[in-house]
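Labels run A, B and C following the written order; every chain starts at residue 1.
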Amino acid sequence: MKKFKNTFRLIALYFRVNLSSALEYRSSFLLQAFGMAISNGTFVFFWWIAFSQIEGRIGGYDFNDIMFIWALTSSAFGASNILFANMTRITRIIVSGELDTFLLQPKDALISLLCSRTALSAWGDLLYGFVLMALTQGADSMAWLMFLIGIVIGGLLMTAIAVTAHTFTFYFGDASLIGGMALEFIINFCIYPEGIYRGFVRILMLSVIPASFIVHLPLSLARSFRPGFLLLLIAFSFLYCFAAYKFFYIGLKKYESGNLIVTRM
Amino acid sequence: MSAIEVRNLNKLYRARVKEEGLKASFRALIRPSYKEVEAVKNISFSVEQGEILAFIGPNGAGKSTTIKMLTGILHPTSGDISVLGLDPTKERKQLSYRIGTVFGQKSQLWFHLPPTDSFTLLGAIYDIDKMILKKRIEELTECFELGDLLKTPVRKLSLGQRIRCEVAASLLHSPDILFLDEPTIGLDVVVKHKIRELILKMNREQGTTIFLTSHDTGDIEQVCRRAVVIDHGEIILDQPVKKLKYDYLNRKIIAVRYDVDQHMEMPKGVTLEKAGKMGARLSVDTHICPIDEAMRWIISHGGVADITVEDPPMEEVISTIFSHQAVTG
Amino acid sequence: MKWIEKYSTVLRISLQNTFVYRSNAVGGLLFYSLFIFVFFNLWRAIYQGGEVAGYSLTQMVWYLCMTELIVFGCKSSVFGQMNEDVKSGSIAYQLNRPYHYIIYQFSNALGGMIFNLLIYGTMAIILGLIMVGPIPGFRISALPFGLFSAVLGITINFFFMMVLGLTAFRLEENTAFFLIYQKLVFMLGMFIPLEFLPKWLQSIARCLPFSYVAWAPARLIVAFSWDFFWQVIPMQLLWIFISIILSVSMYSYGVKGIQAHGG
């Protein structure tokens, strides 16, 4: 329990330092926010057209459902990029030797590594989700509850996914391709209804590519709450994050024995 | 208890060799080929508290590998290491509270922030009590003359200023040992001198054990009291610097160019290494012929167009040591 | 003619250069496949509610394969390159070279685009066949015309990216315009066929260049008709013409500015 408390304190500390560092770059923030607004607007536009042309639901979802998963994806991604922005740079950090700096410090190397950077634009992503929710879900309290829970869980899961992908660098020397794609993949699976996929893909989305746990399960809980499934959601997320954490440290042992393919002697 | 105790330390790298090309990539997947590199071969030494020790050797000699094993970020293949009574491999976190590190190109300071913010962060990372941290920062600021630098974002500092802040940062938690891996690399002469001074000061005033790796002879001469020379993973010399200096660092290389042809007789202690039409490369044994005498002699012949005075390259010093060792056994 | 030789050499070298960046190609192909896979699932679900805007599901999937091929597969780095050259001032040094900057950039990029066209094109065909099979009633004899239109579309895209890049002469931060352009191409044809949009938007879109990058060639490939061919080809040629004129004049204008003020 003390470990968790210390971990939280560490994350909070990095958060504060990151904020002051990032505020040095206000100008590019506006541009990124603009780009994101346009991008998001495009998709809303698409779905509006789609639903005006088609009767009924698409993949079991109606317009509001889709807006929910879109909002949740955006906010969860934003949250993880605010707190753990280095998750996209893990390969670079390992290969450049920057990892050593974190290993030499007395705190948890992975957490320190992940927290040492923030993406200011991520606030835009986080905020956008809230705006979209406000516009489409109104005062649906269940939806809001699941949205907030989903941000925490989804954010953690996205971070875990990125960490897992980049951990392959310890084994293959350069996993920047896998690492770069991991989040893109997961987001792509998160922003469309679950029901459009069949068979094997659905299983994938409930395991290796846990998009269903990030957005689809929270949505179904928002529409019809079942405490059992909420427990399942929390349990799965905890397990997945724990596995990612362990996987990283196993890879780290390999790094420490010096047998990286890319030997940086 | 010695600060550092190393016995029969070995590090064998097994690197997977992957060649260029698609066919080779497939081959590598099915049957990977390995290349074994003995980075560190059976070295043993110990360091007492308060010592200043330099690990000297050319690139690839095993210096960085050794220091990484001492600090716990690399696991040895075999052998025993004890740093401050702890096993770096198994007790790295504990050890990290008591050691400081300055690793050449890697920075502990946040690029966009003033050093003072990084210091605060490091204070929290090392669980330093707020009052003690404040006092410590004041001490270090005075000692390292950081004054105005503290509030300037690191990206605006010159390299020399940055390194000073880096060293200060590594000392915030009053470590018992300070590990420095190539700390003066890339710095100009004046800054190098300053850094070396600061390291000496730390050792003098706080009793910090200093362990540094370098391939700069200046570091040996000015900072260390004891030098361990390592080459190809083996320790070939472990001596007080005074003796090392006397035995091996008494040579200076002078390259001179005249604007008229010169024929001259060398004074004692000066040997001609290479002669061109209007210039020469001379080797001066400063035991026999002090450097100022040699310079005076050269200039007295008049018409010096260009002159450079250098230390012999590290590789040469090492090979001299090597051959000397081979001869003396 | 000497200048043909000159630029075709540039083309050849840049083609060889692309072979060096194999891993980038692999990553790109994986993404491409991912997008197509997701879109296939999406549209299959949408089509459960009925046929859409005169395209069968099979045509729709092939349509998306084609639009993604054109926009995603054959993109060039010309925008970033231009931006960089103008902002750093190195464009001034190009004045000393014995070639025209615009033509040089085009030949250089063409190598990469041709390579991508082949690679992604192959991928597109494989994916299309796996997911929905061939389009019923597809005539292979009509394909060359569709491909011709695709090349025109790629060219329009290239020169517009160049125009946007050259705005760096006057604008500090032009990335916003680049993003807007991208999204317009995306909405007006890449992600959904024009026929899917409300009628009023369709008429506007037909007058703008964006839909002629992806929609025109893709439709020509999946639902060829001579009528349509003669409708869109002239428009594509028109926009190529306009975009080239724009690039050349912006370049000359900007360069004159450098020569006058020293960059």
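What we mean here is this: contacts are C-beta pairs under 8 Å (C-beta built on N, C-alpha and C of every residue); 3 or more make two chains touch, one makes a residue touch a chain.
Since this is a predicted model, take the numbers as computed values, not measurements.
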### Task
Please name the chain that ends up farthest from chain A once chain centres are defined by their CA atoms averaged.
B
### Task
When you average C-alpha coordinates per chain, which one falls nearest the overall C-alpha average? Tell me, please.
A
### Query
How many Å are there between the centre of chain B and the centre of chain C, using C-alpha atoms for each centre?
54
### Message
Using mean CA coordinates as chain centres, what's the gap between chain A and chain C in Å?
### Response
31
### Query
How many angstrom between the C-alpha centroids of chain B and chain A?
43
### Query
Once bound in the complex, which stretches of chain A touch chain B?
9-10, 13-14, 17, 20-21, 24-25, 97-98, 100-101, 103-107, 112, 173, 253, 256-261, 263, 265
### Summary
Per the touch rule above, chain B residues touching chain A in the complex are 11, 13-16, 18, 37, 39, 60, 64-65, 68, 71-75, 92-94, 96-97, 101, 103, 106-108, 110-113, 117, 120-121, 124-127, 153
### Residues of chain A defined as touching chain C within the complex
31, 34-35, 38-39, 41-42, 45-46, 49-50, 52-59, 177, 180-181, 184-185, 188-189, 192-193, 195-198, 201
### Query
For chain C, which residues count as touching chain A in their complex?
23, 26-27, 30-31, 34-35, 38, 41-42, 44-46, 49-50, 52-53, 173, 175-176, 179-180, 183, 186-187, 191-192, 196-198
